[in-house]
Structures are given as structure tokens and as C-alpha cells.
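The structure's right below; bear with me while I get my questions together.
Think of it as A, B, C, D and E in the order they're written, each chain with its own count starting at 1.
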Amino acid sequence: MPVLLLPLVSFVLLGIFGRRYLSAAAGSIATLAMLLATGLAIYCAYSYFDGGKTAGIYNAVIAFRYEWLPFSEGVSIQMGAIIDPIAAMMIVVVCFISLMVHILSLGYMKVEGRLHAYYAFLSLFTFSMLGLVLSTNIFQLYIFWELVGVSSYLLIGFYFDKPAAVAASKKAFIVTRFADLGFLIGILLLAFYTETLDIPTLIERLGNANTAWSMAMAGAGFMGISALSWALLLLFAGGAGKSAIFPLHIWLPDAMEGPTPVSALIHAATMVVAGVYMVARFYPVFSMDAMVMDIIAFIGAASALIAAVIACTQTDIKRVLAYSTMSQIGYMMFALAMNGSNVEPGLGFTAGMFHLFTHAFFKSLLFLGAGAIIHLVHSNELQAMGGLRKRMPLTHAAFFIACLAIAGIPPLAGFFSKEEILTAAFNANRLVYAVGLLVSALTAFYMFRLYFSIFWAKEPALHEGHQEAGLLMKLPMVLLSIGAVIAGWAPFARFVTADGRPLQTHIDLLLAVPPVTLAVLGIGLAAMLYKKQNEWPARLSAAMGSLYTAAYKKFYIDEIYLFVTKKILFNAIGRPAAWIDRHVVDAAMNGLAHTTSAIAVRIRALQSGKIQNYTLYFFGGVAILTVLLLFVWK
Amino acid sequence: MIPLSHILVLSAALFFIGMYGLFTRRNMITMLMAVELILNSVNINFVAFNKYLYPDKLDGIFFTLFVITIAAAEAAVAIAIIINLYRSHHSIDAEDAGEMKF
Amino acid sequence: MNDFFLLAKQELALVLIIFLLLIIKVGSKEWENPRVLGLINLLLLLNFATGFIYQQEGILFNEMFHTSKLIIIEKNILNAGTLIVSWLAFDWLKQQQHVIEFYVLLLTTLLGMQLMISAGNLLMFYLSLEMASIPLAALANFDLQKRQSAEAAMKFIISSAFSSGLLLFGISFIYGTTGTLVFTELPQQLQSTPLQLFALVLVMAGFAFKISVVPFHLWTADVYQGSPVAVTAYLSVVSKGAAVFAFINVLYTVLQPLAASWYPVICVLSVATMCIGNLFALKQTNIKRLLAFSSITQAGFILVGISGSSQTGMATVLYFVLVYLFSNLGIFTVVALVSAHTGKEEVADYKGFYGTNPVLSWVMALSIFSLAGIPPAAGFFGKFFLLMAGAGKGNYVLVVIAALNMIVSLYYYLLVVKTVFIDKHAQAPVDAIKVKSYPALALIICSAGVLTLGLASQVYEYIFSISQGM
Amino acid sequence: MMSLSLLILLPVLTALAVLCCRSLQQIRAVALTGASLQWLSSIVLLLAYWKERAAGNQDAMLFREGYVWFASFNINYHVGVDGMAVAMVLLTSFVVLAGVLVSWHTDYRPKEFFFLLLFLSAGAYGFFISLDLFMLFFFLELAVIPKFLLIGIWGSGNKEYSAMKLALMLMAGSALVFTGLAGLYFATAATGRGPHSFDLMDIAQMQIPLQAQLLFFPFVFTGFGIFSALFPFHTWVPDGHSSAPTAASMFLAGISMKLGGYGCIRVATYLMPDAAVAYAPYIIVLATIAIIYGAFATMMQTDLKYINAYSSVSHCGFVLLGIGMLTNTAINGAVMQMISHGLMTALFFAAIGMLYQRTHTRMLDKLGGLLKITPFISTVFVIAGLCSLGLPGLSGFVAEMTVFMGAWQNSGHWYRLATILACASIVVTAVYILRAVAQTVLGPVTDPSYTRLNDAAWNEKMAAVLLLAGILAIGIIPFWLQQLIAPGADIIMQQVSKAISIK
Amino acid sequence: MTASQLVFYCLATLLLVGAVLAVTSRKIFRSAIWLLFSLLCIAGLYFWMELPFIAAVQIIVYVGGIVVLIIFSIFLTQQSGADMLLPVRSRQLFSLLAVITGFAFCASLLYRTEWLPAGNSALNTDVSVIGEQMLSTTHYGYVLPFEAVSMLLLAAMVGCIVIAMKTKPVKENSAST
């Protein structure tokens, strides 16, 4: 409970009084609150994993729950906190990364204005993310889901006088909103059939194919797909939007317009994995529907591959990282779906969660590193960098560790989680496995392309005055580096599994060889191409031709979206609607008035001012009435 | 004896002749004359009804007497108005007195 | 005969006043206008007061004259209207040469109207109708120097003569087919023969003329526009009210056997009146002419109430006329003041009026809202009840048409409000008018009436208790 | 015990007191005092209501007062409230107080302005607490003309046209309502007091003949619908709102449109449940069109007030959708949406008004970057926008979700389609709101002269905080509102379910 | 055909001819004379119906009063004996149509109507009877209309004088003749 409340208090405090009274102390207050929250989160997770086990199973513990908004009998929104292994894992991750980012921001954002707002938004985000993670109720999940979205919106648009930032924030919000529509309808469907919004109850009712609710839901269908599949697909769509899964990923690269610490927090480690978390949260239900699982697997794999390909071509450091994030999330996503018959059930789940955990460390480390670099060179473009290894040794080291980790080089964190995923995929779906391997290689390639471009390529130039950032920026990097190194050694499968029972995992050496080999090959290629400035990259890209251009242009997905929104929504629907409103509906109303008025003008001749006409009309009136009365109405 | 209906038709004819005059005569005084014809036709009606159908009372006769009186009053006022109108308009053509319209 | 003086007290009072005025006229040459007017207003007030004593039913002169509480109320309404007209025209009358003649004519018409309402005999009815019309024509001509006044009077007298000719023609047929002129004997003799129906149409046309119902309304606008404001006010309120009262009395009692025939006629006339009245009103620029068409429209609404044919119908019609009287006279007071002080009678002259004359503007707005049927003004209640009376008959088409017409009428009423409150005058708006003595009284009474008549239900309930249906 | 008549009396007395004032200071003081008293009394009403309910009072209507008014028509002065009415009264008092605060600096004919504003509020209060159809209609019409004057005199732009259009269309609405009410009246059976009845509670007990219901329901519903921007009779909304002065816009969108929604529920659906069931599909179709079409039309607007006005069309569509869906939850949602939209749109208009007052433009392309210059107003603007797009934690979300949940309980395919379309509108809402926010308060400052602008004054801050408090009170802890409304909705739904079960 | 019938038809013909000429003659004086002629024919009709008192009143009031008034007003308002203007063509057409159909309708209605059986008693139209009834307040008394009509005449006279009074400066006038 206090875990949740501290960031909230911090947000409220800063939000309301920040500008006038607390602008100087905003950072300290928020960081302090975050520090406390992290401590509590770790304590909470520790005590849960330490003592929460009954009969060998980690049961979900519902810390508290309030009725928030009842809809109808049984269906109501409740606000509460549930702690189960994934939630415990997530709160630690969220709090820890958030703390790191807070600390970093103390240094990074020093020179910016409106710091109170910045920290307020950060606090709001942390609060919402924690609320999301701890949701007991599917609607609560949705509520915090939206709140996370809006804090992301606010933070991306923090530099609100930069049109690009404003546009990016808008885009992020709208795309995720569009996905949320699916989520919402999915919720409606689930609520309608299961008559509950409570997550444990819901899982209980749908986690078994033989309950009345499951059968009702599987029985009802639309367009040949059962209601359950619809609901799950729609939920997944919501998750895909937030987690930047293809094709709803387009907001993520643009979201890099926000301050870099924010990208580290939200768009690398926490918010973007919300979709994965959501699928994991409903894993027992998802696992009931093989078709949906397949779809998730393929979309996840496709997303991982496409993002990896695009990442190879981008030149903006943060965008590369963004696509990398997208690719890794695709990884996690398909990992979740890997529960084929000849594999230990739940291995994919554990692997996905594990990767989420490890990824948080090295990806935020990468962003922090990138932040430090951008802070120094004041540019996001790779061209502006190069040869920085001497000027910022610590950053260099951290970045290197992170790259190794993400490339899956043992014994760093990424290796273990990736290994588990590939093991699960190998046993469940060979096609996905193949894609996984390819992506693994590509990852190593583009990460080291980045690494070499930044820190090598040019000769180090020491004479420039700027030096590496201060302690406040170094500390989180160091901490995260440690995390990136050791996180893989965590006995993850003992704690976080699909059904709460510990899972025995081991590294299958045979299966570990190909990815590592591929990764090393990728690194080698990258080193060859980018360690020194040379002609090769340009030639290679020329050789790839249209594929390169397509990847560079992000496969034209943005253009397609732009076409849909600008041409179809705005021009084909919005404009006609507005036009119709003014020129048809309103014109009809005005036309009524004009007709009346026109009639009034036409019949003026009746009142001719000539007395004899009057008498004649008078007589006409008598005649009409007589005819009516004597003949018509007889 | 003449049937009642003949007298009534006569009066109706007179009525409509008067009406025609009222509709078409542009001189206001002649319009007034047409009105007198109309009133007279009604008088004939009353008298005829009284005489032919309801001779036990004198309702129709009295009605006629009062109509005649009122016709006189009406004519007097109308003529006064027409004379006044002539003063301001210098014409008693009904077509000329149509300033107010629409 | 003993209660003759009491039963016919209102008429007698009027006759006395008329003679007193004539005596003053003959006997004295020094009386200044304000003094005369003061006396006359006092007398009119007394006359109005007579209506509140001895409210008994009774028949006089061999059923030529009958009276009842209902009729006394109706006469009281007319007396009140005349009194207010007299007040509101004070500023105009002060400038006139023939004040006493004005009142002699005015009171004669009032006498005629009262006799008309009390008439128990077709002869008496016709006679009082003429009595209520002929002097009015002379009154319409009272702005002797104005061309329009003469034209108005001419149009009025010719139309009136024509209409009374038709009415007489109808009455003659009624007499011919029934053999009687007495109201109480007529219903037994009416059997809807074609000739009687023809006569019915003619008689209704006669009434319709007085109430200015379409298509017998064409004189209205011209006469209202050309006449002096006081006469217009009187025409639009008192004269019309009297005709409405007489009409509803005759319809509900004498013509009751023909109800099946006159009901659709009333409906048709009502629709035509509302629509045409509104359509014409839309394009008017002269305020008196606008009010003329507005009064035509109001007549259409009254017909909706009349069509109710019930106790509610009668009560609502009476009530509406009462409300209409206060509302319309409220506007006319303002119009009369402006006209008397500046001679301006166009709607456009009222631009920026609120800036210079806020109180007058508010009274005007209040009265206009009452006419438009906007709460809390009494007009809202009046209209609501009228239409309820109409709906009671189950004729919802009529009600819908009436309700829609209220929207159209709101448009031109609001145009006036807009002119007064919103528009800015290009040059100089009407100067601030000092409202003194009687016109001020008229303003107060009208506003008070408009505000209280609706909210205080006692008035309506009293009228309802003395009304009767068919 | 709480005297409901006070709610009508207070604004009337205040309005009259304003007329008697001599100086600007006095006028402001009196108006503010009056509005605050209204606000206080509505809070007291809420507390008293809770107290009564807590004490176990299960009557449908509390604090009833009744006097005979027009005995011959069986018209009574009859007031009383259930939770729904209490909620609407609360809404009114919030918006009125905020409106008075926002208009603090009205210096052109301030006396008349505050008089009309307070008078208007009397109409709204009266409407919400009336239990007699005549009274209800009386107050409905009472609130039309002050709007005309407010827009016409203090408005901007094409104000005369807008004012006239608004007045005429609303009048058309009330004309239809009148016809329906008259028909309903004559379809009622005799009560102890008269041959027919106008009394809401009496009529609810009667079985109105189906024929009469089918005939008169469209009149009543369409009539009230016009007030509530029912497609295609919504065209007064954009023009009226955009031309109105700030306080009038707030009142129009915040309260006036709710009169319609409330009437649709309280009169049309409650008294003619059979017809409501029969006509529900048409209502749903129109409401869905309004939601979607309104949202898309909003997307193309370039004037802030037009944006909010069109979005009101869309949002009020939710109210009608909720009513048309005829489930407990949906009706609940409809009422919540009324409250929420009332507060939110009032806040939005207030913010727009404040911006307009400073920049003298409401065009999107002329504004920009105001967050830096007027942070308070801009923040309020953003929050109102976020509320409008249904952000959790603010009231819009609660209401919309309730409507969706309620709507989804109808399982027919067409119901589903309507619900999904309505849900889809939240995306479009996000598009236009963010567009407005982005172009107005975000981005670079477009006009150097803006840099000299002042942020909100105390009165504006108070108004905004007041409305924000309402929005947050619903957004963060919605269950009190739900519990307030639910019993009333249940009673209405009992009628409807009777109608359904008869079928 | 009896003499009585002959007289009636002659009178009727003359009456109608006179009336038609009265409303169509282009010369206003002739018109007035034709009106006089028709009014006299009507008086003749009353004589024919054995109602000498009514006939006398008709002659006295109409011929002696109204027609004289009309002729005076013609003198006052007509400069010369020029032809009057022709009526507006379209209106004339419509009027003719209206009048002819109206008359046809009316006549057919009158012919088809079955009248109530006639009373037996003979009409007593002695001047004394009329006079007595005129001023009686009891049964069949007409004193109220009589008084009313006198008020009306009074008012009409006042009105006429006010309106037709030529000069403005004369402030006081013997209004109550």
C-alpha cells in the first residue's frame, strides 16, 4: 500500500504546490519518495517470496480491495492490490528502474525548467505503473493502463515547445488509445460472459474449459471465432498497442522525443512491457485458447524481426534503441505463447518474464548511457558521435556491458533469459525458433553497430572541454550495470512461474551454442563494418537496395498510418461530417426558417392595401367555409 | 300570391348586386351606395319572413326598422370619414387609399 | 324591475358618464385637458368598480339583456382594458382638441360591447355589435391630420359595413328558418339544414371579422397601423376581447346544436389564423402593424381554446383574454409613450431603446414574453391552458400546429426584444422618456398583471368556477 | 428536514436583489453570495439526503412538498428529490457558482447579466426538483429566454443569429414536449383530485394505454432530445455555444443540455416505459450517429468553442445512448455522464473563456504555447480535455465506462455494434482533444504579444478549482455518485422491466 | 297572373334593373339616382306587402336622409360630372364570378329550403302597435334596442362632427346637438 501511495503523494504534492513552493526541492522530494518506495517494494517482494509459499505454491495475496464503482450485480470496479510472483517481480523492477531514473534526472534535468512538473509526471507514472502491476480487477488494470498512457503522453510532450515532441506525444497517445479500444471491448466481452471483473475470479472461471462460463464463452461466436478468442485477441490488441508490437508500434520511435531518462523508464523498461505483463496476468486464460496463442506467437516473432531489421538501418541512437526495445518485447511476447506439447508447460511464460526482468536492466542502462552521450554531444545522430570511449570511460564500459547483455553473450543477463526463450521456442515451434535465432543475430549486429559507431569509428578527440557527467548520472549507470551483469543469475524460475510452482530449468548447452555463435558473428560483422570509418556500410546498404530503403523508411508503416488518418479519417470522414453538419443538417434547419420567410414574402400580396380586395377575400373566406361545411364535410 | 322564395331570391339578387358594386366600384361613395343595397336586401328578407311565416310577432319588422336606423348612422359616419379622407388624399378612389399594405 | 339598476349597473354607469361628459362639453369652455382626463379616469375607475358589486344573474327587457357572474367578469375585463387604455393614452390625449368627444365615442363602443355580451336576442346583438363598430371607425380617424388615419377609418367602416351586411344576411336566414330571435328559444329550432349552416357560416364570418380571424382579418393590420395608438390598443384588446366573449357565449349556448358543424370550422379558421398571422408578422417593420398581426395570431390561439367546447375551454379563453389584455396593453403603453413623445412607430426606431429607457424596455420585454407564452409571464399559463383546452377534445393535430406556431411567433417577438436590447442605433436612440402619472400607472398595473396573473392561480380558478361548458 | 423550495427561492431572490443593487461591487457581492448560498444549500441537500437514506427512508422521493396550484387542471406545486435529482442540483450549483466567478469582470450591463444568470439557475433547479409535469415544463421554458438575452447581449461573433437559433430550436423542443405532455395528461386516469393528472408520481403508478404511449413518447423524447442535442436537432449547439459569453456557455452546455437528458429519463422513459422499449432502437441509432458524427465533426473544427460544442454533441450522445439501452447500468451511466459532462464542459468553456479574454481569439491556428505563459489556465484546459477524452481519475471515464458496461448488457448484434461504435468514439475524442491541446497550449508561442498575458486571477482560479474538485470527486471516488443515482435508476428500470415483461 | 303578382314582378324587375344600373353606371350622379330609384322600388315592395309604415320609414330615412346625404357628399367630393374610373379588370372578373356563383348557390338553397308552416294570424302593423312595442319593457318590448340605437345615433353624430368638422382652429363646438 505505501508503495503505491508514496509516488501518488509525491505527484499530488508536486502537481499542486510544485510551481510556487517546491520547484527547487521537487527532485529531492520525488527521489526520496521513490527511494522509500523502492525499499518497501524490495521488502515486500522479499517477504512474499520468503514466506508467501503455501504447499510449495506461490499463491496470490490480495493485500486490500475496495469497491470503487459498482456496475451491476457482481460486476464492479474494485481498487486493490494483488501480490503474486509476477507482480512482486514487477514492483521491484518498476521501483528500482524508476529510482534510477529519478536519480539520473537529478543530474540530467538540472538545467531544465518546470522540474516540479517533470517530477510530478514521473511520480504519476510510477504510481500508475505500480497500480497497473498490482491490479486485482481487470478494470483497475484498464484504469491504470490509461493513466500510464497519459503520464507517458505528458512526459513525451514535456518539451512542449518543440512541435516534434508535441506531435510525438499526440501520436503515442492516440495509437495506444486505439489499441485500448480493443482492450476495452475485450473487457466488455469478458465481463459480459463471466459476470465478473475481478481478475482471480475471472481466471478461476475461464482457466478451466469445463466451467459454465468457459463453455458459454467458447460457444458464443461471431464470424466463426468464439467469443473467448475475440475477447483474448482484443485484450492482446490492447497489450500490443502499449507494448509497441507490430503493427501498433509506430508511436514508440517517435516517443523518443521525450527526455532521455523518461525513455529509459517508460519506453524501455516499464510501460512498454505492460502489454507483456497483461498477457502474463491472464496467462491461464490465454493458454486455454491455442489459436490465440499462435497468433500472439507469430505477431510477436514478426514484430521482433521487423524491429530488428529496422534497427539495423536507423541513425538516431534513441531510435535504434527504441526499435531494439520493440524487438525485445516481441521476443517476450512470443515467449509467452510458447507452450507447445513437448515442452514443460509454463517454460515460455517463465522465460518471457525472465527476459522482461533482465531486459529492464540492460535496456534502461542503454538508455541511460545514451542519455549521457546525448547530454554531452547535444545530438541524437550517430554521425555526430564517434570516438567517445576516452571522453566517457564509465559510460563506455556500461554501454559495452549492456550491449553484450542484450546480444546474449554469456554470462551476462541477456544470455540466460534469451536462452530460456529459445529453448521454449525450440520445443514448441521451430519456425518461431528460427526467427528467434535470426533476431538474436541481428540484435547483436545492430547493438554493436551502435556501440562501435559511438565509441570507436572516429579518433578520440580529448581536447573538447566537456567531460563525463557527474556522480548523479554515474551512480545509476553503475548500479544498472551491476544489475545487467548479475540479473541473469537470479534463480528466476524458482519464483516466477505460470502456476506458482517452482520450475526446474537448466541451460541446454547444445541449444545455447547457435545463438551465442550467431551473436558473436553479428558482433564481428559490426566490428568489421563500423569499428573504423570505411566504405563498407554504404556499399552494403547500396547492395541491399530497396530492402535497405524500406527498412530505413521503417517499411513505410508510418506513411500507411498517415494515409489512413489524414486521408481517410480526416478527409474522408471528418471533413464530410463537418461539411454535412453545416450544409445539410444545419442548412435543413435554416432552410425551414428560410422557407417560412420566403412564404411570408410570397403571400404579402394578400395584404394588398386595397379595401376591395379585402372584401373580396372576405367573401372568398365565406365561400370556402360554406363549401366545406355544406359539401365537403357532409 | 307570390311564393316566399321568389321574394327571397329577389332579395338575394339585390344582395349580390350590392356586393358586386362593393367589389368593383372604385368611388367610395358608390361603394357606400352598394352597401345600402345590401342592407336593403336584408330588410326585404326580414319583412318577407315576418309577413309570410311568422306574422304573430313583429320581430322582422322591428329588425328592419333598426337596420334602417343603423344604416343611416353608418352612412353618416362613413360619409364623414370619406369627406375627411378626401381632404387628405384629394381623391375618393379606393385604389388611392392603399398606402398601408403588406 | 327592482334590480334593474343593479343588474345593468355597468351599462348604466357608462351611460351616465357619457351624459356627464356631454354636459361638461356643452356647459363649460374652460376645462383644461389634464383636468378633464383626471375626472374621466376617476369616473372610469368608478365604473370599473361597479363590476364588483352585486354579482347576480338576471334577465331584463324580455330576455334582451341577461347577466351572470361570468358576464360581469367579462365586462370587468373590458372595463379594466378601457381604463388602462385611457391611462396609457394620457400623453397623447393631452395634446388633443377633442378629448371629450374621444371619450364619448370610446365609451359608446364600450357600452355597445357590454350590451353585446349581455345580449339575449339577435336584434340586440346586432345592434350592439354595430354600436361597438361604428363609433370605432370614427375613433380610428381621430388623428385628423394623418393621412393613414383617414385611410384606416375608411377601411374599417367599409369592411365593417360589409361584414355586418353578411352577418345580417345570415341572421335573416336564421330568423327565417327558426322564427325567433331570442337566444333561449333558438337552440330548439336549429337543425343543421343547409340554409341554417349557410347562415352559421355568415354569422361566424361576422364574428370572425371582429376577432380578426383569417381570412376576415385583412382590415386589421391597416387599421391598427393607421389609427392612433390608443385606438389601436383599444381595438386589439377591448374590442377583440368583447367579440371573443360574445362569440364564445353564442357558440356555447345558442349555436350548441350546430357544434358538430362549427367545430371543424373553428379548427380550420384557427389553423389559418395562426399560420397566416405569423407569416405576415414575420416581415413587419411598423410596430403597430407587427402587433396587429401578433394579435391576429393570438386570435388563432383563442380559437384553439374555443374549440375545446368545455368548461375548461370557456375558462381558458376568458383567462387568456385577461392575460392578453395586460400583456398587449403593456406593450402598447410603451408604444404609445414613444409615439406621443417622438412620433416614431417603426420597430427600427427602438434600436438602443434599452440604453435610454431601461424600465420601459423591461416592461416591453415582459409583455412580449407574455405574448409569446414564456414563463413566468402570465401568457405562458394562458397559452398552456388554451392549448390544453384544445387538446382536451383530442385534436392533437391542432395542438401541434399551435405549438409550432408559437415558435414562429417567438421569432418576431424576439426580433423586437433583440432590437430593444441588443441592437445599437446608428444615430441617436429614442431619448429617455419621463413617464409620469397615468402612463406610469398603466405600466405598473400591466407588469403586475403579467407577473401575477399566472403565478397566482386564484384568478384562473375563479374564472373556471363561474364558466360553463356546452 | 430540508425545504426544496429554497432552491428555487434563493436564486430568484438573489436575482431580484441584484436588480436593486447600485454599484458594481454590490452586484458582484450579491451575486456571489447568492451563488454561494445556492452551492451551500445544495451541499446541505446532499448531506440531508444521505442522512435520510441512512436513517432508512426508502421513499422514492424525499423532501416532498406539495400545494395545490391550479385545482381545475389538477396542477400542483409538487417538489421532491431522489438521488438523481440531488446529483443534478449539485451539478447546477457548481456550475452556477463557477459561472458567477468566471463572469466577475463583466462590466457591460453587469446587473442584467447576473440577474439573467441567476434567473436561469432558478429555472434549472426548479426543473430538476419538480414532480409535477406542468411545473417541470414551466421551468423548462423559463430557462430559454435568459439564454437568448445572455447570448444576444453579451455574446460574440454571429451572436444574434445564434441566439435566435438557439431560442427557436429550444422552443421547438419545448413545443414538442408540451404536445406530448398534453397527450399524456389526457391519457391518465382519474386520481382523487381530478379527472387527469400531471403528477409524476401518480402517473408512474398508472398504466398509460399503449396507444397513447406510442403516440406521445416521440414528442416528449424528441422535445427533450433537442435540448440534449439529439441528432439531427443538435445544430443549435455549436452556434449557441460558440457565440455565448463564457458563463452562458458553461450554463448551456453544463446544465441546459442536461435538462433534456433528465427529461428524457424522468418523463419520457419513466412515464412511458412501453413506448421507451418500443422506440429504444431508434434512440440508439440516433444517439450512435450523434456520438460518432459529432466526434468526427469536432475533429474538423478550428474554433475552440466549436470544438467543445461539437464534442458536447458527441458526449450528450452517450447520455441518450445510455437511455436508449434501457439497462440499470446504462441509465446510471447516462446520469453520471450528464453530471460529468456538465462539470467537464463547464470547465472547458471556462478555460476557453479565460484564454479568449486574454488572446481575443479562439482559433486553433492563432493560438499556441500558452502553457508557458498562462500555466494555470492551460493546465485547467488540459485537464478538462483529458476529462473529455475519458481519462481515468477524472469524471468522464467513470461515466463513459458505466454507459459502455450498461450498453454491453444488451446482447443483440445491433446493440453490440452501437456500443462498439460508441466505444470507438473515444479514440476520435482523443484525436480532437489532443489536437486542440497541442495547438493551443503546447508548441511554440505563436504571437509575441501573448507573452505579456497574465495568468488566472483569483476568481478564475476559484471557479476552475471548484469545477475541478467536482470532476475529481467523481473521478477518484465514483461510488458515492453511483450510490446516489442508482436507486433512482432502479425505480425507472422497474417501470421499464414491467413493460418488457408485459411484452 | 293576378294584378298583385304583376305588380310584384314589375317592381322586382325595376328594382333589379335600378340596382344594376346603380352599381354599374359610369356617372356618379346617375348612379345616385338609380339608387334612389331602387330604394323607392323597395318602398313599393313594402307597400305591396301591405306594410305602409315600413315603406314610409324607408322613404323618409333612405330617400329623405341617406340619399340626400350621399348627394351632398358627391357635391363635396366630386369636381365635375366626369365619368368614374373603370373598375380594375381582374377584380371585376372575379367579382362577377363570385357574385354569380354566390347568387346561384343562394337561390338554389332558398328554393330547396322547406320553410316552417306559416302562422295563421295576420300581421298587425299599426303604427300604434309598433310604437307601443317599441317603447315597452315587457313582452316583445323593444325599449332597450331603442335606447341603444339612440345612444348609437348620438355617438355617430358626435363622431361625424368631429371628423367632418372642417377647420381646426375652432376649438369648441356644439357637439351635442
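Here is the rule we use: a residue touches a chain if its C-beta (ideal position, glycine included) is under 8 Å from a C-beta of that chain, and two chains touch if they have at least 3 such contacts.
In this text the structure is predicted, and so the values were computed from the model without any measurement.
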Per Cα centroids, the chain farthest from subunit B: A
Selected interface, A-B versus C-E, where C-beta contact pairs are more numerous: C-E
Closest chain to global C-alpha mean, per-chain Cα centroids: D
Far-end chain from subunit C, centres as C-alpha averages: A
Rounded Å distance, subunit A centre to subunit E centre (Cα mean): 101
Rounded Å distance, subunit A centre to subunit C centre (Cα mean): 77
Centre distance in Å when subunit D and subunit E are each reduced to the mean of their C-alpha atoms: 69
Separation of mean Cα positions, subunit D and subunit A [Å, integer]: 36
Set of subunit E residues in contact with two or more other chains: 88, 91, 94-95, 98, 102, 106, 110, 113, 115-116, 140, 142, 145, 149, 152, 156, 159-161, 163
Multi-partner residues of subunit A (at least 2 other chains): 593, 604, 607, 609, 611-613, 615-616, 619-620, 626
Residues within subunit B bordering two or more other chains: 8, 15, 18-19, 22-24, 26, 31-32, 53-54, 62, 66, 70, 73-74, 77, 80-82, 84, 95, 97-102
Chains touching one another, given as label pairs in label order: A-B, A-C, A-D, A-E, B-C, B-E, C-D, C-E
In the complex, subunit D residues that touch subunit A: 165, 168-169, 231-235, 238-239, 293, 296-297, 299-301, 310, 327-329, 332, 369, 371-372, 375, 386, 389-393, 397-398, 401-402, 404-406, 408-409, 411, 413, 419-420, 423-424, 426-428, 430-431, 434-435, 438, 441-445, 477-479, 482, 486
In the complex with subunit E, residue positions of subunit B that touch it: 1-2, 4-10, 12-21, 23-27, 29-30, 32-34, 36-37, 40, 43-44, 47-48, 50-58, 61-62, 64-66, 68-77, 79-84, 86, 92-93, 95
Residues of subunit C touching subunit A in the complex: 154-155, 158-159, 162-163, 166, 194, 197-198, 200-202, 204-205, 208-209, 214-216, 218-219, 221-222, 261, 264-265, 268-269, 276, 279-280, 282-283, 408, 411
Interfacial residue positions of subunit E with respect to subunit C in the complex: 106, 109-110, 112-113, 115-116, 137-145, 148-149, 151-152, 154-156, 158-163, 168, 171-172, 174-176
In the complex, subunit C residues that touch subunit D: 312, 315, 369, 373-376, 380, 384-385, 387-388, 391-392, 394, 396, 399-400, 403-404, 406-407, 410-411, 414-415, 417-418, 421-422, 457, 460-461, 464-465
